[in-house]
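These are the structures in question, set out in turn.
Next come two complexes, and both contain chain A; in the first it sits with chain B, in the second with chain C.
The block that comes next holds the complex of A and B.
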């Protein structure tokens, strides 16, 4: 089995940027990933990736992908890391399809959607209930839909759906929306959106497809008739494979300012880490830092 | 005097990205800067800003500037910060033209070129000796030039000059070039570039304009006839105004992973900080983090 200089797990903004930097440093490396573009590909309109005044998530993700492919990077797609282990100076990554070895690893496996954990959620998944407004929004043209959540992801989903659906209910379990002021203003100005604060979803109901969500608020329990439910209540890190790599109380991988984890040679970057802010431009910067740190590590070790 | 939520010092990739994020959070803020685009505007060809496979430094800097101006940000240009002081909860920034107050500050003032410190350097500055290949390279068409340095900045300058000048001498005081392998290969493939390792520049000579550099190497001292000298031996942080803000042994501002300095309310981002890698994509990510941290600080303080 060849021993790579580096394995990058994940190909979102952090993993792809790490790949571009590793390629420019002429490292012998492999990218293992379930998908390309990560959460960025699921974003709606992006106005805060410096240099692009306006771009959609899928467009930016495709620019990232082209940028990576230009370098002819060795890529294992639709492949999931299952176990990461270090033995001596060699790190092995077992996946659902094979096993690979490297001197260093960058974990950039991102996050996945947090689930509501209410009755009906699993039953109606992809039958009206979804975790991706960008992917599934267009299916709800002219319908009444609900977005569960109150942060930037929820507002981003709502802003996409306002253009498509008949009416958008934003069901938020805190006293007010927590997303960017500019996005809140756009939602309020829309005319076809209603914000329901202090509201907890207790169930998703329907027959073959979603027909309503049950909500508990200060006045008791009620039912809201909707044909679509978009769950946007946060993300949890993809770290099931990460073995002895240290994590914080939210399950995020702990890194220092050079993106090193507690295991020498194992670095991490992007949404999977304990860097507080989850932003595409930040993930890209962190991916670059992680690749340059891995390069320094390899050079110092003189493998 | 109005008290702003935030003052951003500097408008390179870090300061501009901080500005875009602050604008989207609807903060009442001011940007004070000497120039727009920072070191990015001085870069040659950029192939590692994820999303842009290829863009020149001035082009990317101008996209950054447009992105910032879109938000109608209050901007004081050609203005230098001189003293930063905190008294109670108010931070005051004195400049060469006025004085401003804010609840929080992001220092994103970047770095400036390190000088050689040899006879002739000051005398021939802008008379053949320069610190910016992007700005001044085109003046040396068909001439023999030297680049002093061996890192990425020196290679970047050399790659620009190879296309313009008759011959490029890269004068490097260590045993080998330290820049990216891909750039080293391009320099070697050029045909009109010579790398002089283990070589120290001891003086710049000429009459009205540069005519030669004096070099000391293992075999002694010699003179190299050149009409241009491009100094690329590193950068030093612009921190003369930073007062009690803590710095490391290289003069860089010490920050934690949320871009906080030792002074509450004072944040820093980009090349001016102790983040080891100096890259546009990293500076942009750091600017975003600093703005979001400043926003959290202001929200927590409920100013």
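The block that comes next holds the complex of A and C.
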């Protein structure tokens, strides 16, 4: 089995940028990922990535991909890391399809959608319930839909759906929406959106497809007829494979200012880490830092 | 030589239809994959074609895109291996 200089797990903004830097440092490395673009690919409109006054998530993701592919990077797509282990100076990464070894690893596996955990969620997934407004939103043209959540991703989803659906109910379990003021104003200005605060979804119901959500609020339990349920209640880090890599109370991988984890040679970057602020541009910057740190580590160890 | 050409033609002749939306990243990747493999396909935009959206939901009992129909064999999502198998590539 060949021993790579570096394995990068994940190909979102952090993983791809790490890949570009590693390629330019002529490292012998491999990228293992489930998808390309990560959460950036699922984002709606992006207006805060320097150099682009306006770009959509899928467009930015494909620009990232194009940039990475220019270097002819060895890429294992649609492959999930299962176990990461270090023995001596060799780090092994087992996946659902194989096993690979390297002297250093960058974990850039990002985050995934948090689930509601209510009856009906699993049964109606892709049958009206979805975690991706960008992908599935257009299928709800002229329908009544609900967005669960009150933060930025919920408001982003709501703003996309306002243009498509007949009516959008935003079901928020706190006293008021927590997303950015500018987005809140846009939602409030739309004629076809209703915000339901202090409301908890207790079940998703329907026959073949979703027909309603059950909601509990201060006045008791009621049913809201909707054909779409967009779950946007936050994210959890993809760290199930990370073994002994130390994490914080939110499950995020702890890193120092050089992206080093508690295990020498294992670095991490982007939304999977405890870095302050989760932004595409920050993830990309962290990816470059992690690659340069890995390069320095390899040089220092004289591998 | 002649036989090889013939076989390739047969493979090309498989009817491939993809139900997609313009914004879904996996749809974009799936179409890219088909193009890279020189597969001729019909692209149906279910965000603008309500009838096609209903047809897709009926065929699959679900609303997720992409859905790829290869000679009646339905593949939900961008499953490269299944697509390869169905196309015989």
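Please note the rule applied: the second predicted complex is superposed on the first by the 302 of 303 C-alpha atoms of A that agree within 3 Å, B and C clash if a C-alpha of one lies under 4 Å from a C-alpha of the other, contacts with A are read in each partner's own complex, and residues count from 1 in each chain.
The definition used in the following text is that contacts are C-beta pairs under 8 Å (C-beta built on N, C-alpha and C of every residue); 3 or more make two chains touch, one makes a residue touch a chain.
As the structure is a prediction and not an experimental result, all values here were calculated from the model.
A.B. asks: Just chain B (first), just chain C (second), both, or neither: which does A:279 touch?
C.D. replies: first
A.B. asks: Tell me which partner A:234 touches in the superposition: chain B (first), chain C (second), both or neither.
C.D. replies: Neither partner.
A.B. asks: Between chain B and chain C, point out the one touching more chain A residues.
C.D. replies: B
A.B. asks: Would you check which partner chain A:67 touches, where first means chain B only, second means chain C only, and both and neither mean what they say?
C.D. replies: It touches chain B, and chain C stays clear.
A.B. asks: Would you check which partner chain A:251 touches, where first means chain B only, second means chain C only, and both and neither mean what they say?
C.D. replies: neither
A.B. asks: Just to be sure I read the superposition right, which of the two partners does A:58 touch: chain B = first, chain C = second, or both, or neither?
C.D. replies: In the superposition, A:58 contacts chain C only.
A.B. asks: Can you list the residues on chain C that touch chain A in the complex?
C.D. replies: 21-29, 46-48, 50, 53, 57, 61-65, 76, 80
A.B. asks: Would you pull the chain B residues touching chain A in the complex into a rising list?
C.D. replies: Against chain A, the touching part of chain B is residues 13, 16-17, 20-21, 24-26, 47-53, 60, 63-64, 66-67, 70, 180-182, 255-258, 274-277, 279, 281-289, 292-293.
A.B. asks: So in the complex, which bits of chain A are touching chain C?
C.D. replies: 35-37, 41-42, 56-58, 61-62, 77-78, 126-128, 130, 132, 134-139, 141, 164, 208-209
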